[in-house]
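Each structure below is given as structure tokens.
Two complexes come next, and they have one chain in common, chain A, joined by chain B in the first and chain C in the second.
== the complex of A and B ==
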């Protein structure tokens, strides 16, 4: 059975240090305003009791990628293992993929005048290494999971600010923080 | 604004297709269009079509690699739009050739095929924007508004041209009034659906109506409607000045509407 690789982001562990975001940006030498991975703060009422929580998101390597359908040159392919790869050599910079993706993942590289997005470091994965964001996270808050093998029972497919997953069926899942105990003082 | 080339391209391409279908239809109806007028209208449509294609390339990062945009025709509406519009412009060149040669039979056949392909090109163009990622676009009103732009501008363009050459034998204002009434209904449905939609759609409606451009668009739309209605009731005053004026007013109106369509689109 083919793999279905996706990110599993543990929000409980994430402290919002941006190490994943910066290590990816540095590794791929991205232009100043570009990020393949972004860390954002979530609303504090995420799990009932107030918590300070962050979420790290990148390409969701969707089951039905809108970028792939929108691209007029066929620059997007979905590999056997589920990774959605963008071929910059094919790209003509029409930016339609960026419009079509509900998560706004593909970004325009103003220097190359082509689109750019997370590739889940597939070349590193093929060599048995971890994606750079997974490797550099000091809290081990990001994992790569084969969702055809494992279905983490505590994972959810949507968090606030995340677009409706029924549109493109993203593979990214999240582990929400545990609600804190509230102590009432009289 | 990054999308300005697309604003110009969509407006021009829809005008060209609408104008082409009108010319073909008038020619088929055996309306007395002289060879010279038909040729001139046909050439001007080909030139506008070519200009629209060149302008559309300006929004690409790599315009000289645009030829590759037809590769994903199996799934991408943008590929389909490029392909069908390209074929349409090619056939309109051939149609112009048959005006030059004054071969009515071949002109009618090629014109019919080109008209059908032009309609498919507008359909493909609208489908590009009907995407869930942008709620303000993801509606059938996008499809209607693209076709209505064609129906509003195309016949008026040909009508104004024929009026200038004193060859207008059909009352174009009736078609234009009908198109404007449909456009007004589509506008009402569009804003109602935005107001009842996702927060991004509501925000798009707020942004649109809070811009001065929206009110200028509405004002020009109403003025054009009033002039056309007056023309329709007083058929003896159909003249070149009125048709040219209404065409210019509605061109500005449609341009502003399309500009706002792109400018106020809020992503999920």
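== the complex of A and C ==
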């Protein structure tokens, strides 16, 4: 049976530090403003009591990738294991994929004049390694899951700031934080 | 389709469970053939890996693995052999390749024509050394000593070899020194009075705690590797309580968060103590065997402290104080981590003594997984060989003179007989980091020569006469230990120094050479030497035994990192305190000697002046350690400007909306920056995070007065700064 690999992002654990994003930028030696993974601040009333909460997202390796549909030169493929791969050699830099993606994932690299996005480090996965963001998160808050094998019952498919999953059926899922007890003066 | 719940616990099992889930076979995080696969796969050239040590002023002091391809760094990550670093770096550490190859690096020695003019010209190292050496000799001749020369160096790089700068200054004669620390002085004195010295348990022992109170500490931002252990403990069922005036990132992760009024934490601790004594929940055996002065302390508490008073003072309701006190007193072991921020108040030292007392009466000191953890220095027993040379014959003066680093500008201006005429600044950015930067600037104006050694054109460099470009950790050798964890990390030279950069050690040797050329015998510092020989000289038999290493080179060959013997990782396990009595001292004559009350009493907090009713706190920010890191473009791409956190109620009162520009002002200074409306701060407080933001010409210290903490002289020579007793007013700009 084919796999359906996707990120499982544990917001309960995430401290919003951006180490995932910067370790990715460092490992792939991206241009300073290129962000294959990004950490977004969530509304502070997310769990009822006010907290600082963040969500880390990259490419969502969608079941129905809009980038793939939009690409005029067929630079996008979806692998058997579900990873959406962008072939930069084929890319003509037209930026249609970036406009089509509800999550704004593909980014234009003005130096290479090509689009760029997260590959889930498929070459590392193929060698038995974890994606850099998964391996380097100081809190172990990002995981890769084969959603054909596992349907984590405590995971949700959408959080605020994350576009409607019914459009492209992203594989990314999230574990929401549990509210703690608070004694506040205000 | 298989239905399975991934519990919090399953989630973090790591590569084993991941492999199973993914069907990846041998999946894991281990490098193949000792190299990370990227390095092995993507180059035809020479690939090498080196061990480095993050030398910044940080709890985590990580062991680093650096990949170099054809002489260029291609990846920097954590060393997996260090069980605290765990193969991962914080966000700041992940920017290190950019720190090295940043277009903003200072590349050559330069001289500025007109301080602050920006009119820099490139000069050679020889010219730089000549200008500096001539000025030193001229000063010595004019004043009969080198005391008009002032060194301000601190924590930008804690590589043990960087003490060469102090050594170099000592080698020209007696000089004036910026003494003390803006970091931990009041709390360190408090722990000094109570126990002899500040000494913390190994943070990996958070896993052994039954109950954790993070008291004014925000490790999510300041010690991400500790936060991992705390999260692991939480998953095992340990309760995490965070006490803080702000809903920090760490408070957001707590099982229970308690919002205390700033600078009243001591009252909360004393209220808890009152409840614990009244309810016979204290450890009578521990107290009678291991302490002195409990009777006096107990009678102070019974006479002066009530739960009602503590509730009124702290803003924490009485039932909450009672419940937390009971929970803490009955958990075994219970662990307290006191953050440095908590003591940056005029009563900070007294508050730390009260919290120490809470840990002592419950018998939590000397226990694995317990402790009242603040800071420690047990692993710092190096030779400090770079500082061993001493003043040359006939250099004048009798001893070094000290000015308080925490009131640097004013004390430099006040120094006379002789006045201060030259400054050497290294590993510091006083114009950004000191209180009252305008006064510091005035002190600079009095100088004949200001020399700054730095990586980047920060505020202090911009106001210097000569800048000396220094190396990053990856371009020079060294060794580091932490004031928090128990590891020692080798720092290898991974690449050749870029441009014309030099380490502080090389600069010391170079300047000594020039001084001796101009006047033989005017500097005792060696004029040449191999950094690897220097670093080997730092290790003595005690430190080798403590870490089980034969030499620096032996450690380099064997993983680059070593943990100290377990025997020292539980603070005060032998219950032999380093106080005059050898016991835990609730009653401290040493405290009296330094002008304080002998007991851990509550001393009043600093009251807001009428015209400036809003407290402005300036805690550490997640993308920076003091003025380092945040200015890098990798981080500016995420957040490119400072901001002021304001509670919605206060914002409403002042008609300020999210994103509006806000003027923040008091008698010391003012600045204008965008508002971020958030409930993370209380309505009587605003927050501006610490840092140097590229292109921003103000710092959080513009409104900070050089207001002293209550303690610091005993352990650090000088009192610290009450950074968080900064009161301001705000208005929509």
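Following the convention adopted for this analysis, the second predicted complex is superposed on the first by the 181 of 186 C-alpha atoms of A that agree within 3 Å, B and C clash if a C-alpha of one lies under 4 Å from a C-alpha of the other, contacts with A are read in each partner's own complex, and residues count from 1 in each chain.
Please note the rule applied: contacts are C-beta pairs under 8 Å (C-beta built on N, C-alpha and C of every residue); 3 or more make two chains touch, one makes a residue touch a chain.
From a predicted model like this one, the values you see are computed outputs, not experimental measurements.
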| item | value |
| --- | --- |
| Partner chain in contact with A:101 - chain B first, chain C second, else both or neither | first |
| Partner chain(s) touched by A:18 [first = chain B, second = chain C, both, neither] | second |
| Partner chain in contact with A:43 - chain B first, chain C second, else both or neither | neither |
| Partner chain(s) touched by A:160 [first = chain B, second = chain C, both, neither] | neither |
| Which partner reaches more residues of chain A (counting touched residues only), chain B or chain C | C |
| Partner chain in contact with A:92 - chain B first, chain C second, else both or neither | first |
| Complex interface listing, chain A residues touching chain C | 3, 5, 8, 10, 12-13, 15-19, 21-23, 25-27, 29, 32-33, 35, 39, 44, 50-53, 123-125, 127-130, 134-140, 143-146, 148-155, 175, 177, 180-186 |
| Residue ranges of chain A touching chain B (in the complex, touch as defined) | 66, 68-74, 90-96, 99-104, 108, 112-114, 163-164, 167 |
| Chain A contact footprint on chain C (complex, rising order) | 1-8, 11-12, 14-15, 18, 21-29, 32, 37-38, 41, 74-78, 86-91, 94-98, 220-221, 224-225, 227-228, 231, 247-259, 261, 315-317, 320, 622-623, 633-635, 637-638, 647, 649, 678-680, 682-683 |
| Chain A partner contacts - residues on chain B that touch it in the complex | 2, 59-62, 65-66, 68-72, 75-79, 82, 128, 131-134, 267-268 |
